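Each of the next two complexes has chain A plus one other chain: chain B in the first, chain C in the second.
Moving on, here comes the complex of A and B:
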């Protein structure tokens, strides 16, 4: 069974790589298989989430107190499926509205601390000298980089004079940042590719 | 009614969940708003199953109508049902599910993402062909980081790993932090527009 598994893995890998030549039936079959499996795994996690978070606390609470409020998400969830009805289609917007409302508030709650205030305080609390000491002035460069990037995206006033200088610093800092991020992404993809080639040459063909 | 009720629900759920972060409202916070996140997770799970139902509808139609390469739709549906039903009946720790996951899904998933290595290389070539100062800086930073992460880089010059670290600690973090602060302001404004019913695009533009 293990040998069969290795052959299956190798054929799946080759079918996907065949796309590099051009789109072909082998790739399309592998693609459909991949989407089907991914959707199946998604269905399982969705089912598990409903059972764990709503069904069990409501119908099988065990020793815990029964959570009657959990009837609400179950009803809202079922209402989502009214979009298949011709006349009742609009009802599916009720659970959608709830999800979007809570999701939007959650986005504000999430970013207000971690992505906004904490980032500002972390930048403001940096000493100008001595830390991140490649050249001694690294934290000064860092603060200038953050300010420059913010100025680059400030469009409420025409960018001339000090604003233009700030925006220019921001542009160069972002170019370096994008270049470094790009380099990291390339390396991550390359390591995946090396892994696939190692699998084909090592586990499948046993050359390595 | 059809338009106003969902907008009102968005407003009430959004504003209550947001207020709950700053002030605790007696009874309401504990028994209603405190459960909002759990409720949203459950509704989102139903939405996920709705997506699967749509996928099922489209591919069943393709099979029934005998459209071109209908067998791919059959493969998709069989794969979807097997990967969903097997763990539901016998849990994820059963031999069939583990075998399918290890020998099919892991390889398909890994190869699909490794394909991007080729496309990212061709994208890089096209980006760097634009001979501007900005593209040159981007190229130098990318090359330093790539060489810094490989043994051959350190073999060429010992400074590559150090300068790669320095670029990432100072410039990447600074640039990304600036972008993150700006993006969070944008996210907050967009979320508020949605909560207050100014932006209704999530209803399909109606």
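Moving on, here comes the complex of A and C:
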């Protein structure tokens, strides 16, 4: 079975690579297989999750106490499908509203702490005015970059004079950041290619 | 300067071929380019290394097959380190393919170090829900993951008897290819509970995670295949990371050469036309 899996993986990889020459039926077959399998796996895990987390605790609790409140998520989940009914479409907004509310609340709680306040605190605590021996040019660049980027997105006044200088610094900092990000993206794509060729040469042809 | 003009109309298939050769040849004939351990990789290693035996490490598999070349070698090297140090490993997944990869990593590493399922490590599988799952996990692991991947009740797994909430976890290692992933852990768990978070991400995600390193919300970070290679070197377990680094470096040099040649040709031809 393992050998069969390796062969299917290798042939699908070659079928996908064949797109580099031109679009062809092998590529399309592999592409459709991939999309179909990804959807299938998603449905399986979604179903499994409902059975494990809600259905079993409610209907097959075994030795553990029956969790009656699991009826709530089950009913809310079913209500989502009312969007396919012409007249009952509005009902689906109830579970949707619940999901949006919980999602937003959790996101805001986490984002404000870690991605907002902690970032501001960390930037403010850089040793710009601290012990001079600890002063590094990187701190200065960092703070200039943050201020410049913030100024770039300050639209309440016309950007001229010091604001224009600040915005220019911000623009350059962002360009450098985008460049670094693009470089990392190229590196990631190369890693994927290396991984696939490693698979073909190592696991399929066994010449590594 | 006709050849400069020709360079601008070069068949893309020739570029593909050269790129493929730049990867295949170093894989077949390794050059052994030097590899330095970065500060962030060392920090991940130290976080795991300083834990006393019996400590609990939660490893989250938040990636899919598309990121396997970067994150699978990271996961294997980290898992080897954790199990060799006799730490308890609890694997969970916020991405649906994560649990399968966790199994694959355990099956490959556990026999090497003589680790036993249920006693030294466990795979609790995948749960959909992203941030909701993490909030629930922090309060009650058994309720969030009632069964492991073998359909065994979590409460009946020997090593899970004393691991019930986030307070029983000593370190979180999140291997992530996007959201939900490392950022979700930092925002939902790191910001609320006193547990150290470290991890590894794909190279694409590295710039987005650097601010969290600077703020101290994240301690150490493995970045892409190079992070995996460095960790493999630290734990002495050569794999795809170290094997692929020569190929990746040569491919990068080739791309840089393409960019230079393309731009020189573009500028030269442009001047001539003016």
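We take it that the second predicted complex is superposed on the first by the 179 of 208 C-alpha atoms of A that agree within 3 Å, B and C clash if a C-alpha of one lies under 4 Å from a C-alpha of the other, contacts with A are read in each partner's own complex, and residues count from 1 in each chain.
We adopt the following convention: a residue touches a chain if its C-beta (ideal position, glycine included) is under 8 Å from a C-beta of that chain, and two chains touch if they have at least 3 such contacts.
Here the structure is a predicted model, which means the values were calculated and not measured.
A.B. asks: Touch check for A:87: first (chain B), second (chain C), both, or neither?
C.D. replies: The answer is neither, since A:87 touches no partner chain.
A.B. asks: In this superposition, which partner touches a larger number of chain A residues, chain B or chain C?
C.D. replies: Higher number of touched chain A residues: B.
A.B. asks: Examine A:208 and indicate which partner it touches, taking first as chain B and second as chain C; both and neither are also allowed.
C.D. replies: Only chain C is touched by A:208; chain B is not.
A.B. asks: Mind working out whether A:101 is in touch with chain B, chain C, both or neither, as first, second, both or neither?
C.D. replies: first
A.B. asks: Counting only touches as set out at the top, which of chain B and chain C does A:53 meet: first, second, both, neither?
C.D. replies: After superposition on chain A, A:53 lies in contact with both partners, chain B and chain C.
A.B. asks: For A:148, decide between first (touching chain B), second (touching chain C), both and neither.
C.D. replies: A:148 contacts chain B only, not chain C.
A.B. asks: Taking the superposition as given, does A:121 touch the first partner, chain B, the second, chain C, both, or neither?
C.D. replies: A:121 sits against chain C, while chain B stays out of touch.
A.B. asks: Does the superposition put A:157 against chain B (first), chain C (second), both, or neither?
C.D. replies: neither
A.B. asks: For chain A, what residues appear in both contact lists, the one with chain B and the one with chain C?
C.D. replies: Touching chain B and chain C on chain A: residues 20, 41-42, 45-46, 49, 53, 102-103, 106-107, 109, 111, 115, 119, 122, 177, 180-181, 184-187, 190, 192-193, 195-196.
A.B. asks: Going by the contact rule set out above, which residues of chain C touch chain A in the complex?
C.D. replies: 13, 16, 19-20, 23-24, 27-28, 66-70, 96-97, 126-128, 131-132, 135, 146-147, 153, 183-184, 186-188, 190-192, 202-207, 211-212, 214-217, 223-226, 240, 243-244, 247-248, 251-252, 255
A.B. asks: Help me check something: in the complex, which residues belonging to chain A touch chain B?
C.D. replies: Going through chain A, the ones touching chain B are 1, 4-6, 8-10, 12-13, 16-17, 19-20, 25, 28-30, 32-47, 49-50, 53-54, 69-70, 72-74, 76-78, 80-81, 83, 90, 93-109, 111-112, 115-116, 119-120, 122-123, 132, 134, 138, 141-150, 152-153, 170-187, 189-190, 192-193, 195-196, 199.
A.B. asks: What residues of chain A sit close enough to touch chain C in their complex?
C.D. replies: Going by the criterion above, the answer is residues 20-21, 41-42, 45-46, 49, 52-53, 56-57, 62, 102-103, 106-107, 109-111, 113-115, 118-119, 121-122, 177, 180-181, 184-188, 190-198, 201, 207-208.
A.B. asks: Which of the residues in chain B end up touching chain A in this complex?
C.D. replies: 2, 5-15, 17-18, 21, 31-32, 35-53, 55, 69, 71-73, 75-84, 87-88, 92, 99-100, 102-118, 120-121, 124, 134, 137-146, 149-150, 162, 164, 166-185, 187-188, 190-192, 194-195, 202-203
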